[in-house]
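Both of the next two complexes hold subunit A, though its partner changes from subunit B to subunit C.
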Partner chain A sequence: MRKAVTGLRAWLVQRISAVYMLLFILLLLFHFFLDPPHAYLAWHGWMKNPGVSVATFVFFSALLLHAWVGVRDVVMDYVHPLALRVSALVLLGFSLMAIAAWVVRILLTEYG
Partner chain B sequence: MCIGDMAKSKKRRPVFFNLAQIQMPVGALTSITHRVTGILLALGIPFSVYLLDLSLQGPQGYAQVIAWFDKFAFRVAAIVLVWALAHHLLAGIRHLLGDIDIGSELPAARRSAWIVNLGGVAVALLAAGVLL
Partner chain C sequence: MRLSIFRFNPEQDEKPYMQDYEIELEPTDQMLLDVILRLKIQDDTLTFRKSCREGVCGSDAMNINGRNGLACITVVRELKEPVELRPLPSFPVIRDLVVDMTQFFKQYHSIKPYLINDESAPEKERLQSPEERKKLDGLYECILCGCCTSQCPSSWWNPDKFVGPAGLLQAYRFIIDSRDQATQERLDDLNDPYRLFRCRSIMNCTEVCPKDLAPSRAIEKIRLMMVKDSL
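Take a look at the complex of A and B:
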């Protein structure tokens, strides 16, 4: 695994991503409290709004980075045999990248 | 650094993992639950992305997602995830405040740990009230 997100940088990534997600979730709750989508068209229209799409993309980027740092810490604490640890981290990394690709596809697809 | 490395780099330390006898102060409970809820939320990511995908695929997919919420087991799972998110968020805010040295004194740290633990449960009860 590359060492890009370790030590102080991981600590920072965890906090910056956390603050962004906190603000995003609060805005989302506020929005849906004031104006819940009552049907598909309203929901779809809202999600396809460029501002919402971009904010959602940033949210998932933050979420997946946050999950990488967090779950990696747990793996390193509890999985000690090297082969098992590397396998777990590789599996985690690929899973998160697959989910990232999935999210990009969802946000870019023009649904009917 | 992981616990295994620390044990190797320093002298052997006594290990005592009898959970029934370990003292678990309220802050320790907040901390371990922060970790457990993090894992729960990470496991919830693919399911949430799946629901997002389905909900945007057309009126039929949207209706399917709404129909999921009619299932009792799904509602229970949703409430557990809401609790996990609430606890993880509150514990995270407590961490961020700790980073800037707010609430580091023991009495304040104990108080905020109680607030986090009970706050998470309170939000879960609220969600249960709405969903059940």
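Take a look at the complex of A and C:
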């Protein structure tokens, strides 16, 4: 795990994704406070807005990248045997990719 | 005063144990080191390192009531009883309060703690302005006692890969030395998932440094330099 995934890149990804997520959540709460959707159709209509669904997709990308760096940090700290560490990281990677695929599926089928 | 001290003699004991001591404090007992030196009259098998007795050599670094510190500058009457003394956490114990500092020094050496300047040596000294010299304040004073590194959880989990607060503080000391020319190599050497980036600003290091230095600030400054470098 040397220069390929440098420490600096992971650290930056974690912080930049955190900033985006914070802004997204704040704007989301702001929106719900000012213009709450009263029924499913209103919610659906709002989510269909390309700006909203794209921003939501970016939010989940940021969340999954953030989770990857965070859990990878925990694994690197505590799991020392190489085989176990690689397995844990591979499992993590596949789980996050599966969640990403699921998010894409939801956004495309529901709000495409 | 009641004390409870970590004892372990690998030649005799199967495993470590805590031994209780009781001693009358005398007016001349100001610091913890004064007390444990007098404890040796009661029990001369008690083993610990000490040298300067004034907080500049770092020999008597130990874990005092859960916090690392130097016994010679820890005011004894301010300690909660029974005073629990343990060796520096996570370092291999040689005997009682004496620990093996090999790994600690290995990390220190790995950051190349010497000036790297290939220009031919000047007649007198390599000049440095007062402002440039001021940047070394808070960095050069490190006595390599090990209090910070042995209190750092990231060092506990990866002592062989994470450089540790003391090493990183010294790395920064050379990175911002205006006379050093290997700045880029020093920054590249630390850009690795383990060497610097195991640090997540837990800040135990800054809290326990007996010389009031701030390794976490030095590490943050290195990170910012790396970011500036990459963007």
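Couple of notes before you dig in:
Heads up, the rule we're going with is that the second predicted complex is superposed on the first by the 103 of 112 C-alpha atoms of A that agree within 3 Å, B and C clash if a C-alpha of one lies under 4 Å from a C-alpha of the other, contacts with A are read in each partner's own complex, and residues count from 1 in each chain.
Here is the rule we go by: a residue touches a chain if its C-beta (ideal position, glycine included) is under 8 Å from a C-beta of that chain, and two chains touch if they have at least 3 such contacts.
All figures in this text were calculated on a predicted structure; none of them were measured in a lab.
Of the two partner chains placed by superposition, only subunit C is touched by A:6; subunit B is not. In the superposition on chain A, A:67 makes contact with subunit B only, while subunit C stays out of contact range. Judged by the touch definition given at the top, the superposed model places A:25 against subunit B, while subunit C stays out of reach. When the two complexes are overlaid on their common chain A, residue A:47 makes contact with subunit B while staying clear of subunit C. In the superposition on chain A, contact of A:38 is made with neither subunit B nor subunit C. After overlaying the two complexes on the shared chain, residue contacts for A:102 are found with subunit B alone; subunit C is out of touch. Between subunit B and subunit C, more residues of subunit A are touched by B. Residue overlap on subunit A between its contacts with subunit B in one complex and with subunit C in the other: 76-77.
Note for the complex: subunit A touches subunit C at residues 1-3, 5-8, 10-12, 73, 76-78. Across the complex, subunit A meets subunit B through its residues 15, 18-19, 22, 25, 39-41, 43-44, 47, 60, 63-64, 67, 70-71, 74, 76-77, 80, 95, 99, 102-103, 106, 109, 111-112. Per the touch definition, subunit C reaches subunit A in the complex via residues 154, 157-158, 190-198, 200, 223, 226-227, 230. Contact residues on subunit B toward subunit A in their complex (touch as defined above): 2-4, 35, 38-39, 41-42, 45-46, 49, 52-53, 55-59, 62-63, 89, 92-93, 96, 99.
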